[in-house]
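The same chain A turns up in both complexes below, where it pairs with chain B and then with chain C.
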Partner chain A sequence: MLMRFDLPRTYDSLLDDVMRWDVRPTTRSFSPAVDVAEQENEMVVRMELPGVKKEDVKIVFENDVLTISGERKPYEIPDDAKVLLNEMRVRQFSRSIEFGPDIDAARISAGMDNGILRVILPKAEAARPRTIEVK
Partner chain B sequence: MEDGKQDALMRRPEDALQRVPVPPERIVTPVADLFETGDAFIMKLDMPGTAKECIHLSIESDRLAIRASVAVPHPASAHVLFSEIGHKKYLREFNLGDGIDRDKIDALYEDGVLTILLPKTEALRPRTIPIR
Partner chain C sequence: MALIRWNHTRDLPSWPSEVFGLQRDVNRMFDNFFRGGLQDDSTELSAWTPAVDIAEQKDAYLVKVELPGVRKEDVKITLESSILTIRGEKKQDTETATENYHRVERCYGSFQRSFTLPTTVKADRIEAVYKDGILNITLPKAEEAKPKQIEVKVK
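This part shows the complex of A and B:
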């Protein structure tokens, strides 16, 4: 499944600011579901990673691209167990999301809670909305 | 920013593509693993984004129902650009045979995975008969 949004190039510069993005799964791993939301001062990415330990997640931000990858390790089952149903995907995952240039990369933070990874990407000062007072 | 009269030039391109509101809450069937040991059946369900207070297990006429709600993912002021997780509820049901000891069913929620332990009744457990 390939999901891609090609945004018109004519919107370059000013309008092409916070987020020119592109969500692309890689072939040998699965692509977990994500939500992306823009808030006033930051972009928030949430990814479903049930059964994944935080030490098995790698987050890289490079050239405006956020890449979240890792591995869901199999849980332990007793030796004598007989598998009756196996729907879970236990393997590697990877997903990349391209942002515009206005992310303050040094301040990106992430946390994991109840199987949801949450990455906060603060906008650079210049990209935040500002109210200008009339003097 | 939500003013419809906003100058079109100031609108960003992704706005044009993402005019769809956040989809309404949907009901999702969580994926499950099930295995059997000598003493019990063990079920695991992927249910990310809920919390143990929001999960309800019920048994009614041989049917085990697993329900859970997921908190609204973003504040109302957020501009949602991509919504694959969205707003949802989990529901899955299984039929229980006679061999399950209903009073001893136990469940644990950890890292977004619900594990349900369904112990077998005495009659269903494997037995070794010693030879005299």
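This part shows the complex of A and C:
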């Protein structure tokens, strides 16, 4: 039987140790990829959060800034399992995106589907496009 | 609608995917060198590389692939002479034709990961479940590949 060497985890913990010596306090956070799209009446934010439960996500909108933070918790693996490959990152995440003043903050909504968090930020009535009929 | 101002101080850096890709490639080189048996045969044909976790149990391999926003029907899993291949495509989830993008960080397009399994598996008993953006594949080991304990009597 060959011996399996759990390099990714070893390498990670080594790296984490080095990071801890940094002058700044590291928060061990990562930035999930995000798309921001503008539609006619709303802004849509889509963030990749695979394996994150919706109860572990916190969304705050304050001073025109949308902040999505939370934690990706490690999944359970059986006790007798040996890790052969570990590329997924489990740790805290936080992203802040600044919007203009035209967001109707009271009507912001969010949903999670297939590992994608979707935040819908409706535009304030005054900021929506209007069609003006020529009489 | 006002344009989104990109604020250095507020926004955490978002690294381009190539940097991660390179880091992953280097990691993979190291991993392949040190890891006994399991071999990563991924080709460079992919537009992006999903993160993979693999664990080995006594009687099965557990493979997890990070595929947020990928539709079940766009994923194909094949096993050919002990090479497990997961390939597919992530399509951009445009909701309306009039959508304008202010920021696009997510990677789209085709992906592929291949691994040579160190032991034979029961090909007809492989199961895959897609949940919360993660593809979970369970590959039960073939009988001859399971560890056997032989008791040796000392006289």
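Here is the rule we go by: the second predicted complex is superposed on the first by the 107 of 135 C-alpha atoms of A that agree within 3 Å, B and C clash if a C-alpha of one lies under 4 Å from a C-alpha of the other, contacts with A are read in each partner's own complex, and residues count from 1 in each chain.
Assume contacts are C-beta pairs under 8 Å (C-beta built on N, C-alpha and C of every residue); 3 or more make two chains touch, one makes a residue touch a chain.
Model, not experiment: these values are computed from the prediction.
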Chain B versus chain C as contact partner of A:65, first or second or both or neither: second
Contact breadth on chain A, by residue count: chain C or chain B: C
First (chain B), second (chain C), both or neither touched by A:99: second
Intersection of chain A interface sets (partners chain B, chain C): 5, 7-8, 11, 33-40, 44, 46, 48-53, 75, 77-78, 80-89, 114-116
Residues of chain C touching chain A in the complex: 1-7, 10-15, 17, 24, 27, 30-31, 34-38, 40, 51-58, 61-62, 64, 66-71, 93-96, 98-107, 115, 118, 130, 132-134, 147
Chain B residues touching chain A - in the complex, by the definition given at the top: 1, 9, 12-14, 17, 31-38, 41-42, 44, 46-51, 73-75, 77-86, 109, 111-113
Residues on chain A engaged by chain B in the complex (per definition of touch): 5, 7-8, 11, 15-19, 21, 23, 33-40, 44, 46, 48-53, 75, 77-78, 80-89, 114-116, 129
Contact footprint of chain C on chain A as seen in their complex: 1-5, 7-8, 11, 29, 31, 33-40, 43-44, 46, 48-53, 65, 75, 77-78, 80-89, 94-102, 112, 114-116, 123, 127
